[in-house]
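Presented below is the structure to which this report refers.
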Amino acid sequence: MSKKIKKIGVLTSGGDSPGMNAAIRSVVRTCAFHEIECIGVYRGFEGLIEGDFKILSARSVNNIIHSGGTMLKSARSKEFMTKEGRQKAFLQLKSVGIDALVLIGGDGTFTGGLVFNEEFNFPIIGIPGTIDNDIFGTNYTLGFDTALNTVVEVIDKIRDTASSHKRLFFVEVMGRDVGHIALNAGVGAGAEEILIPEEDLGLDRLLESLRRSKKSGKSSSIVVVAEGDKIGKNVFELKDYVEENMEEYDVRVSVLGHMQRGGSPSCFDRVLASRMGVKAVETLLEGKSNYMVGILDNKIELTPLDKAVKGKTEINKELLRVSDIMTT
Amino acid sequence: MSKKIKKIGVLTSGGDSPGMNAAIRSVVRTCAFHEIECIGVYRGFEGLIEGDFKILSARSVNNIIHSGGTMLKSARSKEFMTKEGRQKAFLQLKSVGIDALVLIGGDGTFTGGLVFNEEFNFPIIGIPGTIDNDIFGTNYTLGFDTALNTVVEVIDKIRDTASSHKRLFFVEVMGRDVGHIALNAGVGAGAEEILIPEEDLGLDRLLESLRRSKKSGKSSSIVVVAEGDKIGKNVFELKDYVEENMEEYDVRVSVLGHMQRGGSPSCFDRVLASRMGVKAVETLLEGKSNYMVGILDNKIELTPLDKAVKGKTEINKELLRVSDIMTT
Amino acid sequence: MSKKIKKIGVLTSGGDSPGMNAAIRSVVRTCAFHEIECIGVYRGFEGLIEGDFKILSARSVNNIIHSGGTMLKSARSKEFMTKEGRQKAFLQLKSVGIDALVLIGGDGTFTGGLVFNEEFNFPIIGIPGTIDNDIFGTNYTLGFDTALNTVVEVIDKIRDTASSHKRLFFVEVMGRDVGHIALNAGVGAGAEEILIPEEDLGLDRLLESLRRSKKSGKSSSIVVVAEGDKIGKNVFELKDYVEENMEEYDVRVSVLGHMQRGGSPSCFDRVLASRMGVKAVETLLEGKSNYMVGILDNKIELTPLDKAVKGKTEINKELLRVSDIMTT
Amino acid sequence: MSKKIKKIGVLTSGGDSPGMNAAIRSVVRTCAFHEIECIGVYRGFEGLIEGDFKILSARSVNNIIHSGGTMLKSARSKEFMTKEGRQKAFLQLKSVGIDALVLIGGDGTFTGGLVFNEEFNFPIIGIPGTIDNDIFGTNYTLGFDTALNTVVEVIDKIRDTASSHKRLFFVEVMGRDVGHIALNAGVGAGAEEILIPEEDLGLDRLLESLRRSKKSGKSSSIVVVAEGDKIGKNVFELKDYVEENMEEYDVRVSVLGHMQRGGSPSCFDRVLASRMGVKAVETLLEGKSNYMVGILDNKIELTPLDKAVKGKTEINKELLRVSDIMTT
C-alpha cells in the first residue's frame, strides 16, 4: 500500500518525562536493527520547521537509557500550529528524505501530528511520554512510574519531619486535569487524604477526616493535593482554612513542582520505553500510520491516535476505595 | 456457607520481599475497617506452631508502608512439614480464636497453607510476596518491581566504572529457576547479553555476541546472569572462560546477592500491596478460601491457590526479542 | 568536683534534622557502655516540663541509625521560656533522678539550656542538630551533609527538565540567616548563580550573569536562592523581574521546603552523630557542663555553650570564589 | 622562575572514583577563567603516550558534575613504567604545547608523575582521586564520601532482610591495605563488628563478640570486612568458620565489589572536587610543581607529592573506640 520506509525521524515534544531517552534509544536501535536510517529531530516541532536534524547511529545513544530529560530537547511551537509552519516542516522532512516520524509526547503532540498527517499524508506513530498518565489507550504513560517513585520518596522525607513535630502537610503534586499521580502516590505514601480533580471531597469532609485522623492517635498527617483539585482553594488557601478551623494543627505546605519531571527512569519505564520504541518503528515499517503505541493488560498494543487524543482516562475506583480503607 | 469470620491472622513466610510490610499494614487496616480483629503471627509457620501472636491495631502499623523486610519476621519451619506440627498450629489458632489466615509468601508458603487447609478446613488466602515474580496467577509479585529498581541502580553504578576502564562485567542477579529479574533488569540496565534459566544461549554465541559488541565500538559491556542460568558455568567460571577466549578483555564479576531483597518498596509495590491486602481480607470475609490474590491485566483477581502453586510463569518472548534488538 | 552522674536524660528540640536518631542511639549506648541509666525525654522542653520520660535501653535504639526525624519527637515550648516552666522541668528531673541532660538542637535549644543550667546548676551538654550549619564551634552540624545531598539530588532532577526545555529555574533552599546550604549545594549542583544572605549580588549583576551564561552557550540555568537572601525580592518576584527584563527566558520557580529536613542520614552524619554522642556523655561523666560537642578540623572538640550561641559562622570565602570560577 | 604556563593537560589514571568528572570540570573551567587552554588526555598515561588529546572548552564539561566514572577514561599503562614510554609521552606533550599536567588518581599515578617530572622537569600537580582514602596529605580523597554512602545504603537493604530472618551477614567492602571504608561505613551502618587490615581482632574475639550480640537480644548482625583484613580467612571461609562454631546462626556473605566505585558523587565530593581543581590549576600557574592538593582541617592545602606517596594514613583510633561503644 505505502512506499517502503527508509528513513525515520524521531522527536520529543511537550513536557519532558523520564524514559524519553530510553524511548529514543529504542527507536534508534530498532532502525539500526532493520537497517534503516534514523534522524533525530531536535526541539520538537520547532526543530522540525527549522530542519534541526542529526543522524543518530546505534552508538550515538550509548549510555542514555538511565538519564532523565530528553537528549533531543523539547519545545512548544506556535508556528507548527499554522499551516505555513507545517508546510515548512514538511519541506524540511522531504529535503533530507525522512519518510515517517515517531512522535514522543502527549495529547498536544499527537494532535499536531494528526493535523500534519492529514495535510501531507505523512506517516506518524505516537509514543505516550508524560508523567501525568492521562492518555487513553495505555495503562501507563512513559515517566508515570518514575514520577510516582519521586513523589513517594519526597513524601517519605516530609513525613520524617512531619511526625517529629506532629504537623499536617499539604503536598501539591502535578495533575491539572487528572489525579493519577495524586491517587497512586497518595496511597503509596500513606497519605491521610487525597484531593483530585475527579472528585470534590468538600471542605467539610476534609476537616472531618483530619479530625478523625487526629483522634485516632496519628501524630502527623499528609494530604496529597493534585494541582487541579476541585475543592475550590489552592494549597496555600487550604493551609489557612485548616489553621483557622482546626487550631491545634501546625500546618505546612510543600509544592513539589518540576522535580517530578526529572530523574533517572525506573526499571519499569526503561523497559516500557524499550518495548514501545520497537513497536513504534515496526508499525511504521508495516506501512501503518496514525497509531499510538501503548501498554494494555501487559501487552504492547496499538490505539488509533485520534481515539488516544479524544479518549479520557478514568480514575481507578477500586484504588479510591483502597485509599479510603487505608486511612482507617 | 461458612461461619462468620471475626478474627484474622496474618503471617509472612519464606524469603522476605519489599512490600511485605505494606501488605501487612493493608491487611490490618482492612480488618479494622470491617471491625474485625487482626492478629500478627510472628516468624511464619514457626510462630504459628509456637503461638507467637500479637494483636495488631490500625495504629500499630503506622509508618511501616515505606520499610523493607517484614515486621512479622519470616522463617522456614521444618516442623510445619509434619502432621504433628500442623496440629499444634491449629490448636494455637483455635486457642485464641483466629478464624482465617492471610499468608504472604511464595510457592512453599502456599503449599504449606493448602495442606493445612485440607487437614483442618481452615480458611486461607495467599498474597504472593517474593522478588522472583515466579508465581502463576499474577503479573507481578510483591517486591519484584522494587528488586528491578535495585538491580538497575547498582548496574548503573557498575557501568560508570566499567566504561571508565573498558571492562566487561558479569553481574549475577537472583533467579534460580526463572529469569524475570535478569531479563527485565537486563533490558532496563542496557545489558549487552542476558543469561536466563529459560534459554541456553551457549558459550559460542556468548563469545560471538561479546565480539560483535566490542567491534561495534562499545567501550564496555555488562552481561546480566540469573543464578540458575543454563550455560553450564557459574559466573566466576564464565569470567575465566571469556578471559581465556577473548584476551583483550578485562573481565570482572559482581554477585548482587541479598541486597536485592531489601530496601524501601517502590510506589508500585506499595500500591499493589495495599490493593492485595484489601482483597485478601474481603475474600475471606465473603467466606472464600484457597485463593491467591494477584494482579492480572491491571485488575486485582483471584486464582485458586493450587493453580498458583502448580502453574508456571513464562518468560516474555516479546521482551526477549526487544532485548536482542536493543543490543544492535 | 561534682557529684557522680548516674542517670542521663536526652532530648531533641527545635527543627529536626537527619542524624538526630543516630545521636540519640549513641547517647543511649554510651550510657549503657558506662553502665549508667539513660532516660529519653519526649517532645523537647515541653516533655521535660510534663515529665514525658521513658527509660531507653541499648536495645531500644536498634534499627534507628538510618532513620530520619527524631524518635523522641521535637517541639517548641513557650512554657520553658518562663521561670515557672523551668521550675516544673527541674522538679520532673529530680523526681526520676536524672542528673544531667544531653540537648540535641540548635541555638534556641542551647539558650534554653544555659538559662536552665544557671538557675538550677543542672549539668547540660549540647549536640548541634540542625541542617543549617549555623552554629559556632563546629564545622558541621548534624544533618547539614544529608540536606546538601537531598538538595543536590533534587536539583539534578530539575536540571533534567530545565535543560530539555532551555529554562531558567530559581530554586529556593533553606537558610534564613546563613547561606551555607545554598553555597555548598549550589556549587555541588553546578548552579549558575547563588544568592545568599551574606552577600547582596544586586539585581543588575544577576541579570548580567544570566545574560553571560546564556551567551556562553548554556542551554539552561539554575539559580540557587537561600530563603534569607538579601536581593530584596522573594523567589517569585525574582521570576517576574527576570521575565520582564530578559524576555527570551522561560523562568520557573521551585521551593524545596521541608523535604530538606528529612530523609535517611548520610554516612557522614551517622558517623558524626555516633562520635558526638559518645563525647557528650563522657564529658558529662567527667563532671563538666555547659559545653557543646562539635567537630573542628576532623576532631571532636568542646566549645563553651555560650560561645556557641553567641558566635557567628562565616561563609567560606574560598568557596564563594570557587563558585564564581565554576560559572566560567 | 619557570616560564609562563599557557596550556594545561588533565588526565585520570588508576581506579576511577566518583567526583573525578567534577574535578575535570573544575580544572577545565579554572583554565578558562584564567584564559589558558586546557587539553584532556584520554586513558591516563596510555593516552599520554599515544597523544590521545582533545581540547576541552568550558562548555565541553557541561552536565558532568553529577556523573560517576571519568569522561577521560582511565587505564593502567605498563609502557609508562619504561623510560621509552615516558619519552614518547614527553614528545606528545611538547608536540601540542602542553606546559603542565594535572594528574587525578592515587599512589601509582603520583609515583609515575614524580618520575616523569624528574626526567623531564615537567610541572605536575596531583589531585587524590580514589575511594580508599589511603593518601597521606588529605583528610578526604575524592570519592571516599560517595563510596561510604553507597556502602551504607546497600547494608541498610541487607539489614532489612537480615533482621527479617535473624541472620548474620559478612559484608566485604573495598580496602586491601586500609580499613577506612570498612570502619566508617561499619559505624554508619551500625555493624556489630568491623574487620580491618590495621587490626587483627582474632577469630576468638569475633565469635565472642557475635555471641554477646546475640545474647543481648539483637536479632541480626552485620559484620563489615575490609578486603585486606588480617584475620587470616576470606569472607567465605569466615562464614564456614562461624557456622561450624556457632550452629544457631544462619550466615550469609555479600561481596559489594565494583559498585562501590561508581554512582553520582555526593555533594561533599562535588564541592571537594571543585575546590581541588581550582587549587591544582592555580598552583601550576604560580610556577609550582610536585604538589598534591588535599583538604586538611577543612582547608585546601598543598603537600609535596613525594610525601603524599610515602606517607601512611592512620586509622582513626577514636572512631575505633566509638565503634566498640556502639555495639554495646
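Labels for the chains are A, B, C and D, by order of writing; each one numbers its residues from 1.
One rule holds in what follows: a residue touches a chain if its C-beta (ideal position, glycine included) is under 8 Å from a C-beta of that chain, and two chains touch if they have at least 3 such contacts.
Molecules present, by chain and UniProt name: A, B, C, D = ATP-dependent 6-phosphofructokinase.
None of the values given here were measured: they were computed from a predicted structure.
Listing every chain that touches chain A and chain C alike gives an empty result. The distance from the centre of chain A to the centre of chain B, each centre being the mean of the chain's C-alpha atoms, comes to 28 Å. Between the Cα centres of chain B and chain C there is a gap of 39 Å. Inter-chain centre distance (chain B to chain D, centres taken as mean C-alpha positions): 36 Å. In chain D, the residues that reach two or more other chains under the touch definition are 156, 159, 163. Viewed as a contact network, the protein chains form a single closed ring in which every chain touches exactly two others. Those residues of chain A whose C-beta lies close enough to touch chain C in the complex are 12, 15-16, 18, 20, 67-70, 73-75, 150, 154, 156-166, 169, 219, 252-255, 257-259, 261-263.
Chain B makes touch with chain A in their complex at residues 25-26, 29-30, 32-33, 58-59, 62-63, 65-66, 139, 145, 148-149, 151-153, 156, 159, 163, 184-185, 187-190, 216-218, 264, 266-268, 270-271, 274-275, 278, 297-300, 318-319, 321-322, 325-328.
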